[in-house]
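Have a look at these structures, which come just after this line.
Common to both upcoming complexes is chain A, partnered first by chain B, then by chain C.
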Partner chain A sequence: MGHDTAEWVFVGIVIAILFYVGVDSWIVQKAVEEIPADAETIKVTGQQWFWSFEHPDGTKEKITLHLQKGHAYKFEIYAKDVMHSFNIPDYVVFEDAVPGHVNHAWFSPEQTGEFPIQCREYCGIGHYQMRGTLVVEESKS
Partner chain B sequence: MKTIIVVSVVTLVVLALFPQIHFANAQLGQKTSEKQYINLRAEVWNEFFRMTTAAFVVGAIVSGTMIWLVWRFRESNPKNKTPTRWEKFDDPTTGTYEEGGH
Partner chain C sequence: MVLELRKPRPVWQIMFSTHHTDVALLYTITGLAFLFMAGVLALMIRTHLFFPGQGILISDPATFNRIFTVHGLTMLFLFALPFAAGIGNYLVPIMVRYKDMAYPKLNAVAFWMNPIGGALLWLGFSDTSWVSYAPYSVIRAPGPAADMMIFGLKILGISSILSSINFVVTILKCKHPDLPLRQVPLFAWSILTVSLMTLVAMPSYAASLIMLLTDRLGVSGFFNPSAGGDPIAYLHLFWFTFHPEVYIFLLPAIGMMYELIPRFSRKPLFSQASGIFAFVMLGLIGFASWGHHMYSTGMDFTTKVVFMIGTLAAVPASGMHVFNFLATMWGGRIRFAAPMKFAVGGIALFFSAGAGGVLNSAMPLDFITHGTYWVVGHMHLFLTGTIAFGFVAMAYYMFPFITGRMYSEKLANIHFVGMMWGTVQVFFTQHLLGLEGMARRIYDYPAEYTSWVELNQIATVGAWILGGSFVFFLANLIYSVAKGKEANMDDPFGLGGKYYYPYQAKNPTHHTGY
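For the complex of A and B:
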């Protein structure tokens, strides 16, 4: 093997790995960000210092959000006063709530139970207690 | 040379992506009674572990090459007694090394 060949093989392998990193990340990001067409829209509003939720049928909830297992949900995330961040750690839902702007996130709960909701953007003196609960119930349909 | 690089790049990419294509086809073939959605948590963690593997492979290649370079071209290596063909100075302005010099 010549002097140049080894160098080119080295460069080729590293480029191949980096190319794989780019392609694979793109595929996963596309899959993760694609919101299912049948997802129900839940309006999430953050304000100092609690979360409120609105279901498609107009039902409103504060602090506690009730959803059904096996369904897909799309969150429309609003903020009324300052920046907040809507986070459900157990389901990797994590999106900023920005005044004057609507952000989106989606997920599908696959387990029943209670899961914490929390604000992940420092939003004032009461930030630490801006918590909520996600209650996932068995599917009714 | 270019052929070797292109073939190695394409082979590695195909080998890396083949399992995903296989599983994606397997999932499409399943007849499920209820709707299935991807598990975001699983997807994100799987991606994290794949990227970690890629990072460690790149790190191993780069650091391995550097370790090999240092070991191979150390002064005490018997192979270095005679200069390689890249180390022969044809240019007189490069000077010569004297025995017992400074």
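For the complex of A and C:
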């Protein structure tokens, strides 16, 4: 095999792998971003240095968020002061809270229990303790 | 070639000189000095994170935030850029067979901006994190630290633009007429590429720094939502500069490996043309991917896809460099002196860092890794694993040419083993920490997350090994400058001497005095 052939084969293999990665993440991301129509909207507000939540019925919570298993939830994410990032690592819920913008993320908890909530964008002295808890309870309905 | 340290010259003659080898020496030493200073900060951070909740070494979050900010800024602006400019100053004029840089005085001015900018960064000790995202950096970051940082970065940015103009003119206009551009050695090609990239990329950041400053002074509201601005604008301006900047840091290290690999493999380079092609490709594609730093800012699906394609497109060109290195080494009579060890180690880590980068660019995976320690590990695999390995390799290679003495191969071996081991242990572990969900830039973490505790402790021990290996590097440099054995200047590495050395190029006008 000549020098050039070997190099072209190598580059071809690399491009094939990239093509696979690109197409696959296109498919997955497309599916992930499709928000179900019946999702309940939860307003999430990040400020230095805690999260607050508002349910559709008007109940407000701070730091701890109570949700029910099996329902779909859509988060409307706001920021009051500086940039934050709303993150539930166990459910790969992750979207920046940007002042002046409203961002969206959704998920549907499948397990009951307590899951950590954290801020994943540097926001100052209290960034490290901007933590909360997601409590998933058995569905009442 | 350059026996500055052997000649009994007063230090101010070097400091006020405009000769390219003198400026190069200043750049190189400044870069290494800041490497050690920022390295100490890194060790403080890692040691602090060894136990959760104890406040070891750093007892308040504000100081912690300042330390990781200055660590990042110093490593990027005061180690990576000046060191590359230093080696560029040594080699580029010789490679294009010109007597000096095109604008020697401008060259010296560009260098002397570095200590001034560095002093502002270190005296200010800002807490904005190196990215200084608005609106935190506008409405909450305490002054005067943040303002001093803005001025310091401004000065360093101008320095980088000036030295880029100098390199571009030197390579394109001062090149010997008998030397076609395609035959210019690949290290000079890497410097040409990054200089052109700097000229396109840097103005965007320069503008955003001014806007940040006027926002902080309250006379404008570009990035301040309460004054009608938009923080996302800052992110675009910032990453438009700093994604290309990744390649501006990286390509000189790759260029250095192109100097070392053929020489120590005692074989001609596999393909000059593919090296040039890959440099130019990376130089162009580097501008197509800045948005992958912003997937989670509320970017719409189509924009994300465009930036993902732009990111993936950079991989084949990087792969061509790796292929070129491996094909050059294939069947060569490799001599594993210290420069070759570091160069080969750097290639191996470049490959693993690149593989991690492919995973990052895939949108769904980015939502798992972004803003976590995965990203810290990933970019440090490039910065330490590739860039610092390439630079250290070049430092060992240049050592006999600069000082006339050989470094100690034994100490260099310890440095290599420690640096390789430490890099793998600390930065691979940080990838895992990211998958466990640990966010970046946090002062402390809950002790009940036992997997975080374990992985942090493994990473910290790795960082001590990495830091320890640099003690041997420093000792080697200091000891060998004074007491190392005399180098055989015709062939310091015993390679047989029939291979091309840039300083042997016919150069009738080059100063041979030093």
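The definition used in the following text is that the second predicted complex is superposed on the first by the 118 of 141 C-alpha atoms of A that agree within 3 Å, B and C clash if a C-alpha of one lies under 4 Å from a C-alpha of the other, contacts with A are read in each partner's own complex, and residues count from 1 in each chain.
Going forward, a contact is a pair of C-beta atoms (placed from the backbone, for glycine too) under 8 Å apart; a residue touches a chain by one contact, two chains touch by 3 or more.
A quick note: this is a predicted structure, and the numbers were derived from the prediction, not measured.
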item	value
Which superposed partner A:Val98 touches (first chain B, second chain C, both, neither)	second
Contacts of A:Lys30 with chain B and chain C, given as first, second, both or neither	second
First (chain B), second (chain C), both or neither touched by A:Gly22	second
First (chain B), second (chain C), both or neither touched by A:Thr5	first
Chain B versus chain C as contact partner of A:Ala72, first or second or both or neither	first
Touched partner set for A:Gln111, first chain B, second chain C, both or neither	neither
Which of chain B and chain C A:Cys123 touches, first, second, both or neither	second
Which superposed partner A:Thr59 touches (first chain B, second chain C, both, neither)	neither
Which partner, chain B or chain C, touches more chain A residues	C
Shared chain A surface residues [contacts with chain B and with chain C]	3, 10-11, 14-15, 17-18, 21, 24-25, 28, 32, 90, 92
In the complex with chain A, residue positions of chain B that touch it	1, 4-5, 8-9, 12-13, 16-17, 20, 34-35, 37-41, 43-44, 46-47, 50-51, 54, 57-58, 61-62, 65, 86
Partner chain A, residues of chain C touching it in the complex	61-62, 65, 127, 129, 133-136, 139-140, 225-226, 229-232, 270-271, 274, 296-298, 301, 304-305, 308-309, 312-313, 315-316, 319-320, 323, 327, 358-359, 361-365, 367-368, 370-372, 436-437, 439-446
Contacting residues of chain A [partner chain C, same complex]	3, 6-7, 10-11, 14-15, 17-18, 21-22, 24-26, 28-30, 32-33, 48, 81-83, 85, 87, 89-90, 92, 94-96, 98-104, 116, 118-129, 131
Partner chain B, residues of chain A touching it in the complex	3-5, 8-21, 23-25, 27-28, 31-32, 36, 38, 70, 72, 90-93, 107-108, 110
